[in-house]
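These are the structures, in structure tokens.
The same chain A turns up in both complexes below, where it pairs with chain B and then with chain C.
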Partner chain A sequence: MTAPVWSALGPDGLVFALLIQPFAEFGFMQRALAGCLALSVSAAPVGVFLMLRRMSLTGDAMAHAILPGAAIGYLIAGLSLTAMTIGGIVAGLAVAISSGLVARNTVLREDTSLAAFYLLSLALGVLIVSVRGNSVDLLHVLFGTVLALDDAALTLLVGIAGVTLVSLTLLYRPLVLECLDPGFLRSVSHWSPVAHFGFMALLVINLVAGFHALGTLMAVGLMVLPAATARLWVRRLGALLLLAVLLALAACLMGLLISYHADWPTGPTIVLSLGAAYLLSMLLAPRGLVRHQHPGSRHRVA
Partner chain B sequence: MHHPASIAPPLAHTTRSTRRGWLGLAGLSLALLAPSLQAQTTPPAAGPAVRAVASFSILGNLVRQVGGDRVAVDVLVGPGSDAHVFQPTPTQARQVSQAQVVFSNGLGFEGWMARLLKTAGYKGQQVVVTQGIQPLAAGEHAHGHGHSHGHSHGAPDPHAWQSVTHAMAYVGNIAKGLCTADAAGCDAYKANAAAYTEQLRALDAEIQAAWATIPAAQRKVITSHDAFGYYAKAYGVRFLAPQGLSTESEASARGVAQLVRQIRQENIQALFVESLSDPRLIEQIGRETGVRPSGELYADSLSDASGPAPTYLAMMRANTAALTQAVKGP
Partner chain C sequence: MQLGCDMIRPQLQLSCNILAPKPMLPEPALALSRPIELDNLTLGYDQHPAVHHLSLSIDPGSLLALVGPNGAGKSTLIKALAGQLRPLGGRLAGLERNRIAWLPQHSDLDRSFPITVRDMVALGLWHRVGALGRFSRAHHALCDEALDQVGLGGFERRGLDSLSGGQLQRALFARLILQDAPVVLLDEPFAAVDQRTTDDLLALLHRWQAQGRTVIVALHDLVQVRAHFPLTLLLARQCIAYGPTASVLTAEHWAQAHRLHEAFDDRAPPCPGVATSPWPPGREGPAHPVPAQHSQHPHPHSPRPAHPHPHRPTAEPAASA
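And then the complex of A and B:
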């Protein structure tokens, strides 16, 4: 596409060429958009709860914990969506459950036990991959691309989004309580472990979904960045969830279009769109750098 | 050895089948031994008369065909390896220093060769097998960007072996080189070269015949290899480089869109892009365009012995079969 073509089309033609035409002409762009939408709707709310529970870095650790599982799935069954999904979920759940149990029953805190178990999982994965296969091939595979989503992958993404939304609705009250005061929830209700492990399971399946669409590390970006950006603008939990989802959707659309017009790799472009929104909000938002000195505006959540 | 009579009846059956197995094994090892026994008896002197080094696997195969049992051939860039990014090992430097004749393709294909010969202190005979061949210019078709393959535009295209006619010239040059290195074996080399040239002539006719049934307008292939300029000229096939995507960089939406447009506009049926980064991306492009991604082409090296292209003849046949089948479409 070149500028003279657009100018000849007039303003309507320009809008069409910029925004609609890529999706109208190419099926892979439609699939990419659909996959991104499903991922935004489920990953962004999970990211909000991660942030409120001060577990944003946990998302990154869990992404590393999933990688070896997916790699083992690939080594066993080749480039199979099912095998890599199951492998990723098993590895992620194993790390989440064992670190949660250790944190709740020993002197070690959650962050330490999680770090210990995800490092074990990662080391095991690297070992198995080095012994069993050629890592060059695998590297291409482990970084998923949103441009290559097929019907099965799309179905998986939509399914995971559905499960996430239903589970979040069911777990909403215990999750909010646990965010506010985990000790209180633990003392008055037996819902605390359900909320915690249920939420970790949601985190794992969303990371697996993001792994197929964007690659593991980029998937964390779609969780953490919309939540952090939304937090700079609004306070109430409902508004946080809504704004995070909208931000994720907008960034996906922007990222895909920029990747199309500017010839940039898609996954990083989507995450960088989110990053631009975060940095801008930092400057402009009421709860950004300007209002940071106001003592009243901090630590009031939901 | 067991004595059959001493074996109890229930065991007899198993023993007989193992004995048959042993016999089979013995037969097999005899069959394996036979060629090497032959190799030991045919040359007048014990062992090979000439030690030769060939720069890459395809050339190595041609030198073996001409040299026969008189020549021991070491190949520097083995099957499945990339000659563009070759790093010689100390063992290979020693092989070079012990050789009487070194065969290289020339035309800039082995940029590392001059330095290797100097390092190894090689003073012997050097044969550049493309001597006398009129080279094509590299990059006659448009390359996708991000493409870096060692040789720049305007330089000669070194992949001359992809035309069987040029391979015949290679064989002539190899025979001449071996005659200079080993005058006593010259008659044998000439006879081998003549016999192999006959096979090449038959191969050339075979490839021409395979393409003859396909209309010229349909002979269009997208491939990420840039090695088929000579094949294209010899057999009237158009090779287009995939636009937008490359091996090195991560895919952008624009890159995928460009390739899809190119396939649609050119009405391409044959897509050989196995070296691009993500196999799922190729499948997606296949879904988008209705083109099934085709198999593998052998450009710069042979496959190993178990693969479909362990020799030059097999390689050209495998490539031609893959290309013609893909071009015909589903």
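And then the complex of A and C:
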């Protein structure tokens, strides 16, 4: 006789049916999992730096900024991965570069100039879509199609993840210094604009990768939420980056399974899984709502 | 009473030899090879001068205090020396941009950033490791040594967010040590620091000077200036006096400094420039507004004999023809 636990894990067991079978049986689930893993590995670290630069909402603004570019790509070439990717990247980079230049050379600050440019981009996109009278499948762009990733899309996600990891490694020190003490970075080197614009470019390509899988708006969730959650638990940058990636991976896995079993849309389910981790951390984490406010009555002598 | 920089300059040459004797330089790289020259330098924002028509020279190895009332232009001058502000007019020479260690009055440092004290201080080695170079064991040893020098031994692995204000200032000085620059620019470095920390850091300034570095510090505490700084520049939007500290910090100079107008005035007429060579009327260019009070009096700049500004042809009367 095999133990009951063993049978639950076996090919006919409950655990297997819940956790393994969807991926073992269906190609689209395997692709979705691979796409989400690639996205987690690159978007979560970008999100950590967004948080440390106090630019978490910038991610959201940039997500709006790339939407019109993708829509225009769709109008020109239909549901073409290449056209929508290029459209999104061009629109996102145009907004990032122009707002960065304005912030660095005029009296306007980064948030104001970014808001101005992304709204311009959004309005332009809506206008073009309306005038062309074409009913763009906005739902695709807004909410993504992680369960319908084809080979090209999967290659794109993996490629963007690779580019992001390599770039982050190269930009790591300037980027840390740009977050920690931008004035010092400007006084010792010319890396400040490289760090800023390089990082904005990484943000844009990750949002574009994200909208293929989760949709433009949900993609920001994969950046901001793991970073915010990890910050509640750990103190060091290395640990933050690692924990954020792990959280994103876990949430993607969980979101995919829940959406498979409950037949819910995948993007929101993944983001809600991250949201659950965030709220739970608020209750449990050492730097969360509860323990940070009520650290207990014992304290050390020094 | 017009007592300007130029009247004191002869004494300055003398004073530098007496009060700031060049010590034996351990490494020539620590000292500048030539003086820092300010020639009719005007600095400001939006065409309004914060400091104008500053002409003086700072010898290598000087320990110079920058004093003056609030709004005198001390921070602006430091920023310009650090290469962070483009002059409205005039010339600034003798400084290499990436060979300057600069600590601004309000640094952009994000104290909540998740980094250890040692990793923050280690960024002072940027000129050695750059963006991509690896930190070697020797570099880590340098960091620990710098932390020891500022009295932060044992704080290496502490988080930046756990430091007090004085400890943070010590850590920033450790970063300055690692920058190992021939010119050190400090803006109000002791503003919120207790006596013991101030004393420790002042000792560090003397050590830097003894190594041949040029150290320029904006300060408010005149007792400190008298006790520790051989040279002083008294600013009040222009040079009131520059030279040996005792001859600069006189009641008369301070009275003169406080008479000068502080506020920007949008209706101020263009500054006529130095008294000996007024700008031709109706020309745009280096002219900038002066506070209204100034325009009713003769221009308060000291005359600058025998200095024809060859680098600025518009200053010549003939140029207006």
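Just so we're on the same page, the second predicted complex is superposed on the first by the 269 of 302 C-alpha atoms of A that agree within 3 Å, B and C clash if a C-alpha of one lies under 4 Å from a C-alpha of the other, contacts with A are read in each partner's own complex, and residues count from 1 in each chain.
Convention: a contact is a pair of C-beta atoms (placed from the backbone, for glycine too) under 8 Å apart; a residue touches a chain by one contact, two chains touch by 3 or more.
This structure is a prediction, so every number in the text was calculated from the model and none was measured.
Partners chain B and chain C, brought together by superposition on chain A, fit side by side with no clash. By the touch criterion defined above, A:Asp263 lies against chain B but remains apart from chain C after alignment on the C-alpha atoms of chain A. By the document's definition of touching, neither partner reaches A:Ser113: not chain B, not chain C. Once chain A of one complex is fitted onto chain A of the other, the partner contacts of A:Leu79 are limited to chain B, with no touch recorded for chain C. A count of residues in chain A touched by chain B and by chain C gives the higher number to B.
In the superposition on chain A, contact of A:Leu170 is made with chain C only, not with chain B. An angle of 140 degrees, to the nearest 10, separates chain B from chain C at the C-alpha centre of chain A in the overlay.
Of the two partner chains, chain C is the only one that A:Gly183 touches; chain B does not reach it.
Of the two partner chains placed by superposition, only chain C is touched by A:Leu240; chain B is not. Shared-chain residue A:Phe26: touches chain B; no touch with chain C. Touch criterion met: A:Leu149 reaches chain B, while chain C stays clear of it.
With chain A used as the common frame, chain B approaches chain C to a shortest CA-CA distance of 39 Å.
Comparing which residues of chain A touch chain B with which touch chain C, the overlap is empty.
Considering their complex, residues 52, 170-171, 173-174, 176-177, 179-184, 186-189, 191, 231, 234-237, 240 of chain A touch chain C. Residues 244, 249-257, 260, 277-281, 283-285, 287-288 of chain B are the ones that touch chain A when the two sit in their complex. Residues 82-84, 98, 100, 102, 104, 107-110, 113-116, 120, 123, 126-127, 129-132, 159, 175, 179 of chain C touch chain A in their complex. The residues of chain A lying in touch with chain B in their complex are 22, 25-29, 31-32, 79, 140-141, 143-145, 147-150, 256, 259-269.
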